[in-house]
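In the two complexes that follow, chain A is the common piece, with chain B as its partner first and chain C second.
This part shows the complex of A and B:
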């Protein structure tokens, strides 16, 4: 079966692990457990009329303590760039990370996930910022690992983008 | 795996798995397999003579590329992988780490189970990241409060200042009794509103303090029904005016005892905000009902209206979000409901809104019942009692003293010595409005000359003027009085508030002083306290100077300084804009001539003129230049002058905008202008 390596990239505590768990196991926990290193999961999705195994590399969040090693990304077919919509800075940090990826690996299919969209009262990403992201070529989704909103959609969209590349 | 050395067995015991790379993706285990290998890769795999590790683990597949590069290089030591997590068949996570090394010419891969140290490592990271998140959260909370404070100051204070100014000016007119009473009501109510704004600011600063010192949080137990009753009484006239019936739920037994966690002022504010919201959306002829229901562990308070209901896309979260406004935006800053939410949640409650089955909407909040043992400590005086304390009642209802800001009880002859045109114009106008007779001069020498020709009740003496300054003029006047035995009341006008400046004023013989920029209340108060024969009042500190911690914009400042007199304000702006370039040229010339004395004088003159508009940056730059001039210190004067010029440019832009706005307003309402 066709396999595609997908990396989850973004700052710490933006919900990368929660998105994977929601997608793979349909569960969500309110408790935050920071990830050290890498966790690899698999899930089969159907795209373009065929089954594709997504090999999901949930990579630790980047911060002062842990930097993402580009060697993790070897063989990656696409990635989800995850930001926390209630912490504006995580979007800017994610975009900086995406630039680093592009510099070393060239253009790779990616989807931007603005996670935690259930927390509307604390939402910090203004609509015009989202419009600018779209203008810059980003396919961005507001999603929530908590409610499951748009979680399937972001992975499906990425699968499609990887197959069409 | 038949010939295991003791060492290999020991390594397996310690969680190490050792493999020799045979080529073609095949590995041979060295020694025993540790238990985790069987759990993670399956017992069947470990029974095979060789293993294809890349097929067992996507992570190892990736790492073996680096390992192979190392084995084929001449590098010494080992290539190691970062940590990764494998899941066993029971879904337990096993943290692992791998090394590639060369031993006795063999390509060796070592994989180690890190379970024993991983938990500790994760705990360290977790603690550090939790702290970062908490810090970030706290910072944003503080930012939100700063935004709220800013909005409150700006949105509520600005129109209020103008209103108060208008009332004050109207009160100086000769009005028939009924109209005077109406003006007094306006003055009293606007004063009360100002007190309420201060209350809000105090409440917020209280919350900030609580955040910084949670142990000091006061647990207060106000009565929810009493608060609802008070707010309904307070809002009834406004609702009546709009043709809406406001009522307490007839089923509510006020005497039942509805003690809750929280405090009275904020509880009333929550009810007030919900009622204001209801008033905006409820049609004429319908009713708004405030009620409370017992929900065992908590109490539910609600405001029911008979309006159009909630918009289809309005979730509770959105309605109560910061700066959220209705679609047709009848609200103001989008703060009211947000305030309700953060306050209720701080008390451990919740808030929401929903459509009522019979039409209209219900805004509700739930707050925990107060425990009987809840101590009442650290409560502010307004929060605990169900009725206002006598002093509070007095504060709420006492009218301002008659004539407090109206015309003076007797006309005074006042001499004003002030070199700055705008200041002179402002003081003269305000005093004349007050009913006094004013004669204005531009320096100390002219003041002495005027005093020799005419008697004045009071002299308002600017402290720093070209030629003879106010302190020298005062000394001269006191000298002359020794022969005559008279005493002229002299009140200084000053921008200097340092202790040594006060001492200099006393030594020169001034009776009092008022700090610039001043508001009219401060000005009238000090003049009249000296001329009514009462005790010498303490020097009046200007409200404006006292509010330095809460900066206001130029328009607000000007409205305060002029008591809301738009014409006077515009006249001051015009004079300043016409005069300021010349004053700046004077400073520039003094700099070019390297003349510190001239620099100090020119900077002082400019500082005085700019202070009328608040303009703290401009005033600060001018003050610095003045100080440098006085000290004869040329260091940094050029840079300071550049700052002055750029800050002046900014102020000028604001003043020109004010002018345009005033012109546009005048063009739009010629009738207003006529008045």
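This part shows the complex of A and C:
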């Protein structure tokens, strides 16, 4: 069996946890976030004709008061970077976080998720910003925890990127 | 080179005037001494070049040290090398302590253990001594046992205090926190090992971060009520054992040994781990040994005195009685559980027993049998069992059928059946119910498809019956007349009733009905007169039906004279039958509403 450690990173309340809630197996309560700062879930996806078990470390959101514990990221094979499309700052914070990760751990397969895409009226990310992200090498998905759009695709894409690395 | 050239030819100055002589002399010299000179030169070069000297020494250094040792004077060699080796080690540790720690790991572990067990042994001896003086009732009992079995008193004490069971063992990759292998003791309910191991690693990390420990320390054990989690770490792997009760300290020794063994046997697989857990399946046996290490065998005593046997018999009888009663309860309980498991719409997830009470966790469809009733039917004391059954929708055939009946209320003529998600309806039902069935049934939980091929529309059945009855009736007229034969009134009344019935059913079927009133004559008489006569007969019935309340729009009278005879006219009866009016019923669905 093939297993991969995958982290979910992003600012506070961008919807990391709700994004995957319906799609993963979970046995721990969300209280773990506030107590030890991380909650471990599991997701099995199929990539290149085999099952890959993603052990998901959902890491408590980063904000002005609390930094992500980089030590939780040790040994990860890839990560989901989640930003809230209705708050531009969360995207910038997420990219800064990704830079911090790249500095400490080198280049690691990652997928960017712009969440809350059902709130089109409040969407703050301009199309040319998204184009620039793509030019910078980011594979970005618009998604919504409400509708569940592309959530499966996000995981499959990440699994494939990790296998091909 | 010029310098060397000078050295090679230390010729005294010669007058410029004799160049030819000088040249000849030079050639002669060259012929005589050149080979020796070149040999000499090579030796000089060798001595001058550091690189070549190092090369020469390197090829003999090992042999030289060996030779020196064989000469029996290794003390001097050791003294000479000691400062350098010390400095090298110090430098290596300063640069990266992990390298040396990893290298020493297999050696240090056993060495440290040996020293500790020695210390423990002496401690145990003093413990033994302390206990010698204790005079509690239990102390005396144990002392008797020690006397009986011939074992040291301390061992008996330890044996009684060691009651534990290792329920699960995880082998975890240290860096990623991923499970490499996981073994579980029989009948132990577990959570998903991948997630548990991940969280265990996260907690380890949390502890390190919280207490600012930058090193490789691990949280050696965690306690949770009756459970203890013991953790041992090697450079690349973590071994975690979930223990119920209190394991003896030498269990940790077993863990350490297993881990050292695994670290050694799987060192390259561990170092190059990319998520593939297949290679670590082979570590399963080693982990299973850790599960099996949970029982402490009791050895039978020898030469028990008879009094002791008698003294033991009474409690033994009590124990046997109790065991018998418990087994009976267990047997009853397992019978009840089997019955419960066979109930459609009830799913049992876990069963355990604590404090003399049985706990069952699972799910129950609201339409499944009442488990409390099953419990009392099985003759089981409801106070001894706790059933925690959460509601869920079962897709068991029986339950889906029950649910469908509850929601669809099938009328008396309809039989419902269900298999593998397909709901069949069979029989005769009103069109309104059929429409409801087709609309609602696929929404019922557990129903994936419906089959109405054996379902008949009651309106259509009734319509066809009335149509058959009406079309087989004939209203008979006397020869050449347009009034009905006497005695035909009841047949007309029946026809009128059938037409009203047809109109009702047609409405239910969402269509309209046209009844052709067909006037016939027999073949006697002139055809030119027969046609109007037949039409008049049809009109006569048309008018009578209208008077009875049938709308003209639903009736269409026509005369066919002799063109559509009903019988052959060999007999008077056949001719009589042809002097009649018959009916033809046509149904047309209502035009679609726009």
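Here are a few things to note about the model shown:
Everything below uses one rule, namely that the second predicted complex is superposed on the first by the 153 of 165 C-alpha atoms of A that agree within 3 Å, B and C clash if a C-alpha of one lies under 4 Å from a C-alpha of the other, contacts with A are read in each partner's own complex, and residues count from 1 in each chain.
We adopt the following convention: a contact is a pair of C-beta atoms (placed from the backbone, for glycine too) under 8 Å apart; a residue touches a chain by one contact, two chains touch by 3 or more.
A quick note: this is a predicted structure, and the numbers were derived from the prediction, not measured.
In the overlay built on the shared chain, the residue A:74 is in contact with chain B and with chain C. Of the two partner chains, chain C is the only one touched by A:4; chain B is not.
In the superposition on chain A, contact is made by A:87 with chain B only, not with chain C.
In the superposition on chain A, contact of A:40 is made with both chain B and chain C. In the superposition on chain A, contact is made by A:55 with both chain B and chain C. When the shared chain is aligned, no partner comes close enough to touch A:135: not chain B, not chain C.
Put simply, chain A uses residues 5, 32, 36-40, 55, 57, 69, 71-72, 74-75 to touch chain B in one complex and chain C in the other. Against chain A, the residues of chain C that register as touching in their complex are 173, 175-179, 191-192, 194-199, 202-203, 205-206, 208-209, 274-278. Those residues of chain A that touch chain C in the complex are listed here as 1-5, 25-28, 32, 36-42, 52-53, 55, 57, 69, 71-72, 74-77. Of all residues in chain A, only 5, 12-13, 32-34, 36-40, 55, 57, 61, 63, 65-66, 69, 71-72, 74-75, 87, 119-121, 123 touch chain B in the complex they form. Chain B meets chain A in the complex at residues 57-59, 62, 65-66, 82-87, 93, 95, 118, 121-122, 125-126, 128-130, 132-133, 136, 315, 317-318, 320-322, 341.
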